[in-house]
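Lettered A, B, C, D and E in written order, each chain numbered from 1.
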């Protein structure tokens, strides 16, 4: 009796997944409630092939590539900044820091993770763009910096994923058995040798898994990007330009609280579905890595 | 520099103080009129001044809380809030007509005011009108603590879609109802009352640092905003302007502002280029223009008034 | 291959302690060592510094604005001086309270099932894999889920819903208890506290389940075996031994999940919680309201709401300059709450990890 | 090499309880018949047939991984908890097959108590630890509980040491005390058989001696099966010794005989330290 | 009780390497002088003075927790890694104090290799495991590396088994192979002293035998210090035996003498299984 009750609790997670899948598909691939679904009106070919995204204009286009491009740009910048810093910080905390420092810094970084992302967004818009990017890129290098730009958003998303990378990588590093470190030292290694040749390689899978999770988080990050990256769906790799990410588009649509039934409303689901699939892929990849990582020591 | 509350106690900007900004530098075409409460009210600010509306579902005129809310909206206090919100109040004749319209409709519906009020009045629609409605709602709630007036800002189009499906009681609108929307309402059996609340001047704004320009012609606006527009740089408008990319900001397509602007400037509703920063949230547009030396955007007058320090309004020559 | 290296004579002949040759390579090693250590240290302090910059700039902006008036009044769209966070605090309180109410029993229950009962069959394997996937789904996707399922209920109900279209019936909701006067629970829920709480519940469930699983897994199996060997049933073992011992771990997980939920903005924006709200759910904005209209307790879950991060988002994008300071004050309040929660989690973690040693 | 083995005969051997002679026939308490046991596909026990006599101490010895613990745990079906295990053959307790489908495992475990290698006190008070068994069995009467707890602790020779601190945490006890607490806890359910898996392996010599004394006393009333790695301990405390190797029972017999004159060469090799 | 102890004399004792007579005086390799060691406030070693002779096997025995591992780890300063430890007294390697401030720990550890109780292969290929030591010492030449790896594996008696799978993961080796791999890895840094902390405690008899053979061969070239719980093993492989108790060195001497005719009563009690 109790067991079946508890089993029902566990089933909620399955129900959630099914719910997500059904909801995402419901307006994009088939229609639950009559009327046409998104992909019945817009061919997947156009959706994934066309390079123009303008669902809210008289002249509507539904090519998701600009949104995808914006998302990848922001996530890429975030990865380039957040991953190395997070990993190095993890190495410091796990290998070098005195326990006291670790006990202080880790919760501090956890708070960094707890700050609402809205705050980061404004940090990017009000601080990074005008006081860091403009003086450097525009003032010193002469590049044009948009008020909303991918770089500032990418940087704060990078900052946001530092705690996650740091904490997960640190777990992976600390999971490397002490005996391996001792074996390293016993063979006459310096601390650097032990770190770089023994501990980090042994924790590679865990670190990579944390990277994948962090990137997946960066892809799904919303508010900071909404605030700082702009709302112009264009295909560009110039990080100083304003772009639009998938998440930003979704919020933009829902800030206007677009009424159900319109094609823009349905495009919300199509974009959501794409986003879900991408992050799912990242998560599965990371799971797979984690799994390998568990096998190493046992 | 953070400002303590006490020092800015009187801080809210009122519409009346208008455009008394310092003399602006930059090119002004002949016959250009600067937007100000006077020019908007008198209609000399052409072609971009327009009336703002409230659409009321007649069915809700039976609910005492809705009646109370509307009566407050069209009371002298409510009228003053229009000006306070940065728009232009109706002239007296117009205002009296609206009050009468409301009274008649309430009588016809047979609703009556009641002592104890509670419940909700759902309002949604134009983001242009929203500042007035939230101001009214805020003041109203002080008088009737048990009545809720949550104000959504879905844009005029979005508001009408909800209005015509009965999801909301009152729709803020920055343009008149369209035929297609009328049809929807009819189908759903919704009868409505159209009320004018004030006048807005669509304002064309640039960054204050844009010292090369202070006015613009309708012709130039059309050149910039039409769907086939080739304008990418300021110099494409006028060779005298800088050879720098022009950053465009404008409302999204669910907004009445967009429809009004495209109709007046490009000649057809919804006819607009689409490669600009669009948002239903006017504050986003303000931030965008304020943050970019080469930006140009348009939105309701009230948002300009609130941000005179950060923006420069262009005079418009018909 | 090559012949075995000659060992004994040379080793014996080698100078006893550090050969000079090794010392040479060591000086080089030391340089790398330092450089690397400093790079790593830099990474940590960089992160800490950014957080400090953020905190300091926010707090600086909040000075003079964060006062009792701010904490005790509702929002004002027009007057920054009069704006307050009360609606957000109460809204967050209601939403998070309900979230805890739903998420904790379900989450802990699921974890207990997975750790203590689940056989290793395909269904349970799927549940496990699925959990970690769910934990990585972007919150905005949960927002769409909540919007469709709880707010709109697939457009089934209401006077213009599909049920009406198909059957001619109009279902607008159902009546709640008569005790507090008639009260209609709307269907679909619409953008109400309950929709928000349910959405956040789904959002943090995976986090709670995974944390609770870890906590349960950390309980040594010997504890269970000892209990079973004394003739306790499985459920008795869980209730009397496993759960009590796992409580600290579970609590930490729950608190961390809750602090995540408190800061979530995107899913609630998707639900449409951006509406300008200047009232408390159920009109309960003070303790005395509880006695004057207790029915508010039942109405609140079906009331329109706002939460702190959304209020902050609203203020921060206001064009009026002063709202920036209002937003900063809001952020400080939110951070203070998060700080308290995190502190609590750390306290619990430290306290119990000291007292319980296996 | 026989001389090496025989050297153990020199060890002090305590007299059997109640002055019984070792050779006197004993009533069997537990009997395993052709027991095979599998963890998944791996067979851990091969065709074990043996008798465990009543009110005596039977020691299981053998190198690590030979299946001693596995066998012990089949006796109160603790292996049921591990997934993917199965067995063939029978185990009879007082003549009844404990793996019969109508046997209540929970009741069985109350009769066949178990003490683990590492002491496993619950993170509760000393009193609650000992009272746990009777409580889950449904006993609520406070006085009765107290008396059971007291008598169990007395029998486990722990009462004097903890008498005054019954409501302190059991985690605060020393290793040896914890182990005796676990024994007391097992006794509180009033079992007939006590299984002990290396009960002294983690303990210091003094604690070990106390536990051995205890076992010696307990065998007057209980049937005891003990797993040990320590040959000397087996020699000291047990009446019968069974030698396991790679999952098979090589030899079982009187302890005296096994240590002085084993029938099998493997047993002799093990006892004399040839391997293990 | 002397007869019990003397029974060990019957164990087969292999002849010492190179036919050396046991009594021949040896050159000391390591000497500890009045060594005390502390973990924080807890003293783990009390005033240990002993000599470890060159090219011989010295076994450290004693009950659990008596400080064998701690002593072993002071010999290559592995205890430095643990925070809050300190020592007094000296340890001389070839006459020089290894705790001198100008001694390079890293270089010291290259000379004093260590093999741990649990095998600790790096999760890398077999080749990379063995090549690790030379690599961190700065050796890059591939051929040289390969030859060192091969000869180390040969000396560890593992070459034949892994010859064809040098680039497979070391984690895929069996327990005994892993342990020999760790020995090979230690040999690759070309140490003079090899410290082994219960190198065979987790192994099956066959693997144990191979490791013992290996120790026996290695002592021709290396000074070996081995910790073991297994009296028989100590008797089989060591030339000298030191008995520790509660952090003190009770007795050290020729293995034969310690096992047949210990000077101290405590040693005798331990060896005959009176406790432990």
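To be clear about the criterion, a residue touches a chain if its C-beta (ideal position, glycine included) is under 8 Å from a C-beta of that chain, and two chains touch if they have at least 3 such contacts.
Quantities reported herein were computed from a predicted structural model and do not represent experimental measurements.
Asker: Find the most central chain, measuring centrality by the gap between its CA centroid and the centroid of all protein CA atoms shown.
Answerer: Located nearest the centre of all protein C-alpha atoms is chain C.
Asker: My parser should flag the chain pair with the most contacts; which pair should that be?
Answerer: A-C
Asker: Would you mind pulling out the distance in Å between where the CA atoms of chain C average out and where those of chain E do?
Answerer: 52
Asker: What whole-number Å value describes the gap between the mean CA coordinates of chain A and chain B?
Answerer: 37
Asker: What whole-Å value do you get for the distance between chain B and chain D if each is reduced to the mean of its CA atoms?
Answerer: That pair's centroid distance is 86 Å.
Asker: Which whole number of Å gives the spacing of the CA centres of chain A and chain D?
Answerer: 56
Asker: Any chance you could list the residues of chain A touching two or more other chains?
Answerer: Residues 188, 190, 193, 255, 257 of chain A each touch two or more of the other chains.
Asker: Can you list the residues of chain C that touch 2 or more other chains?
Answerer: Answer for chain C, listing residues that touch two or more other chains: 22, 26, 29, 272, 274, 317.
Asker: Hunt down the residues of chain B that sit against at least two other chains at once, touch-wise.
Answerer: 152-153, 165, 281, 284, 287 - these are the residues of chain B that touch more than one other chain.
Asker: Can you list the chain C residues touching chain A in their complex?
Answerer: Residues 22, 26, 29-30, 32-33, 36-37, 39-44, 46-48, 50-51, 53-54, 57-58, 105-107, 109-110, 112-114, 117-118, 124, 126-127, 129-145, 147-149, 152, 154-156, 162, 165, 202, 205-206, 209, 235, 256, 259-260, 263-266, 269-270, 272, 274, 309, 312-313, 316-317, 324, 327, 331, 334-335, 338-339, 342-343, 346.
Asker: Provide the residue numbers of chain B that touch chain C in the complex, in ascending order.
Answerer: Residue list for chain B touching chain C: 2-6, 8-9, 11-13, 84-85, 120, 130-131, 134-135, 137-138, 141, 145-146, 148, 150-153, 165-167, 188, 281-284, 286-287, 303, 306-307, 309-310.
Asker: Could you pull out which chain C residues touch chain D in their complex?
Answerer: Residue positions touching the partner: 119-120, 220, 222-233, 236, 240-241, 244-245, 355-357.
Asker: Which positions of chain A touch chain B when the two form their complex?
Answerer: 54, 56-59, 125, 129-130, 144, 146-148, 230-232, 234, 242, 252, 255-259, 262
Asker: Give the list of chain E residues in touch with chain A in this complex.
Answerer: 76, 78, 81, 83, 106-110, 113-114, 116, 118, 120, 122-124, 132-133, 135-137, 171, 182, 185-186, 189
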